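One structure is given below, represented as structure tokens, and several questions about it will come after.
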């Protein structure tokens, strides 16, 4: 048993903290306020290798691991949850399925470009009528010679028009139910592939979230990811990994809110003394820190198990379930400790609470996490 | 071109605080960092590497934990690292330090030696020029810009009080760099993964050619006679007033002191 | 080394473009005290080209002897010719003490000379005195300014130290003072001259010498960047003062590095130092605590700046600046 970061992870922590503080944090309020996708940050992250952390060096990545990836998403989210989810969706939802299920040709074609950040990745599973019930896919892929013709639409897609590569799920055989779902790699610019409505969101407002529309979109068969009918398994496996990223994002939001609170309560004075001198305040921050530390252990252990090639599905679900709950709770308490100021946009905790809510919803709602955890217990 | 960058691991003095009661230094939990001027030196070297394909060696003298600073430099992109450490070097002042470093540098072939202008824990700005003297090469301190013609000539802008000087010199030479001259790059994730796989050469007294009498405490002409905590100035008057009263108090005090 | 062969308190009389720098006169002022304690003379070392005429000024400010090397090689400061000249003079005259201004010139020259003559050099001393055993006690801040260390150089001569401009005080010029001028011929080894001065560029660009200011209004993180800085500038205008800043404000790029007060910036001792929103990191305090009168405004009652302030106000620096300025203008 060893709870220490490795030497590499320790050095990485130093780097990512500095990067988040200097490059990401100064933009966070603006990106939120203007609903602006931080393209310049993506470029900077690409330069230092943050967009290909767990990709092996021979495929153009950094040769890192999932613990480091979780560290990265956490620290980026301490500063700006929008930036955290850009990396998470790119890495967990696009790079990971290609890495795990792609053919050697697909890996060679896509991974170096994705890992270097030349291309950004996205993932499309959710549809207007297929949310938590992902099996109700209505997007279809019909075989046509060497191609598939795709029709349908995907909603709430992170990285949307800023991505270049999309992992898309479609029904190849409706009669088979979930066994009729197949995954495809689709590139931006493919005829018949367009973007629909851009969502106006409560939080993570800088991340681009749009609808993807496929109208007789012709995809060559070599772009099928995995085998025909194996799409649902790929989607579920991908979401297992994605949950580590979102759990890390939630953890980062919570830590960010606590950091802001500790700073504030030392400065703010009421009744002649700083808020930090009141025992109620001290008890509050003690609870916040305890829960954050517990969430971090869950996140790191899920990532560690993934790195070891062990089963981690339930661990990732527990990490996400708990970290998302902690994020909501800590951000809400942080506002309470900030008082009226905390409710204004003068202080970042207001944004953090709005950002926190999505972590209970996407990549499986908290209820879905409980289903996964329970299923693991009852099998 | 071979470039050697000398770096020092220092406590992040911006994080050091004073205990308001005892007036002593709180050093617990103060992180160690690469000295900011030295980090700019690393960046200058890395840009030379990007542009001219230079080979960069980083060297530090210090205790075992200074290894971290070398790993960080490796993760930023330097090629080789040397850790100069020996009990015989301990207690060195700037002159004795410069002898040890110069001894190590004699083992290397270098066209350009880069140091930071000064370290934030000592602020002496001496080791660089003293190394240059021991190696009998030219020095340019307070560098804010360096251009290389690719053929051995450096054109250097050197900051001075009322502007800057443009100087020209040939390799080999030593320059000392200002921290804001070259804002340093981040370590890359790939660099971090490779940093610990690389070998850091550890050199002691036996690996360098320097007479023992110029090293360490024994070789240091300057000695600390005494160290003391700075006397806390008698506290003045402190008021918590509303803005209006505060302004009134300031104005009357300044008048009392004949400042306005 | 036979220390008794080394006599006299020497000052490197730095000149730029033929103009003696203020720090040289300050060091001569200090050298007078040291020389009195040692019962020795004060020597000024003047290096340059066509500068012999400046020797009288050094005498008027307290030098007993001026050793002048006047040569075209010394027209502009370059490390090697100046080092050769200094080392030649040290070799010929054997100084007990050598004081050098901690300017960009002095901090380039000092270490090179100390390494060549194999002696110690103590940087940025804030206090110089003669100890009981006639050694020079050189006190300097260490560790960002909180810790003070007194350094001695017992077995090597000269005892060298650099001192920042503004730390010592010069004497009033005395036109009646008499002294001796010795011209030195330096046997230059020109093959060691490897650095060429292409040109000197003056950057006026509102370069302000805050170390000369009588009143400094100093901005810290607590006034914020853009608009807070405007309030500081307005008050400075009203009081005919200059603007300085803490490192935090300089780092955000709105104030030049030449206006930074502190360990890595400048040491200042104005009559009034007005610290607005500066918490007072020890590096900062080291650069301003000698000021005549210190007013500090900060939100945090426990800010270290209040330990050195003569008048401390716990409050919002912006509001106070604004109202103070309004009241002073009316």
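Here the chain labels run A, B and C in written order, and each chain numbers its own residues starting at 1.
Convention: contacts are C-beta pairs under 8 Å (C-beta built on N, C-alpha and C of every residue); 3 or more make two chains touch, one makes a residue touch a chain.
Worth saying up front: this structure is predicted, and the values here are computed from it rather than measured.
Undergrad: Tell me which of B-C and A-B has more C-beta pairs in contact.
TA: B-C
Undergrad: Quick check for you: compute each chain's CA centroid and the global CA centroid, then name the chain with the smallest gap between them.
TA: B
Undergrad: Between subunit A and subunit C, what distance separates the C-alpha centroids? Give it in angstrom.
TA: Taking the mean C-alpha position of each chain, the two centres sit 55 Å apart.
Undergrad: Quick check: how many Å separate the C-alpha centres of subunit B and subunit C?
TA: Each chain's C-alpha centroid was found; their separation is 21 Å.
Undergrad: With centres defined as the mean C-alpha position, give me the subunit A-subunit B separation in Å.
TA: 40
Undergrad: So which bits of subunit C are touching at least two other chains?
TA: 301
Undergrad: Touching at least two other chains at once: which residues of subunit B meet that condition?
TA: none
Undergrad: Would you pick out the residues of subunit A that each touch at least 2 other chains?
TA: In subunit A, no residue touches two or more other chains.
Undergrad: List the residues on subunit A that touch subunit B in their complex, please.
TA: Against subunit B, subunit A makes touches at 7-8, 11-12, 14-15, 18-19, 47-50, 52-53, 57, 61-64, 68.
Undergrad: How about subunit B: which of its residues touch subunit C in the complex?
TA: 11, 13-14, 16-18, 20, 24-25, 93-95, 98, 120-130, 132-134, 136-142, 155, 158-170, 173, 180, 220-230, 232-233, 235-244, 246-247, 249-251, 253-254, 257, 259-260
Undergrad: Could you pull out which subunit B residues touch subunit A in their complex?
TA: By the definition above, subunit B touches subunit A via 68, 71-72, 75, 185-196.
Undergrad: Mind pulling up the subunit C residues that touch subunit B in the complex?
TA: 16, 79-80, 83, 103-105, 107-108, 110-112, 114-116, 118-124, 131, 137-138, 141-156, 192, 194-204, 207, 215, 239, 247, 257, 263-264, 271-272, 281-283, 289, 293-295, 297, 301-302, 304, 306-316, 319-320, 323-324, 327-328
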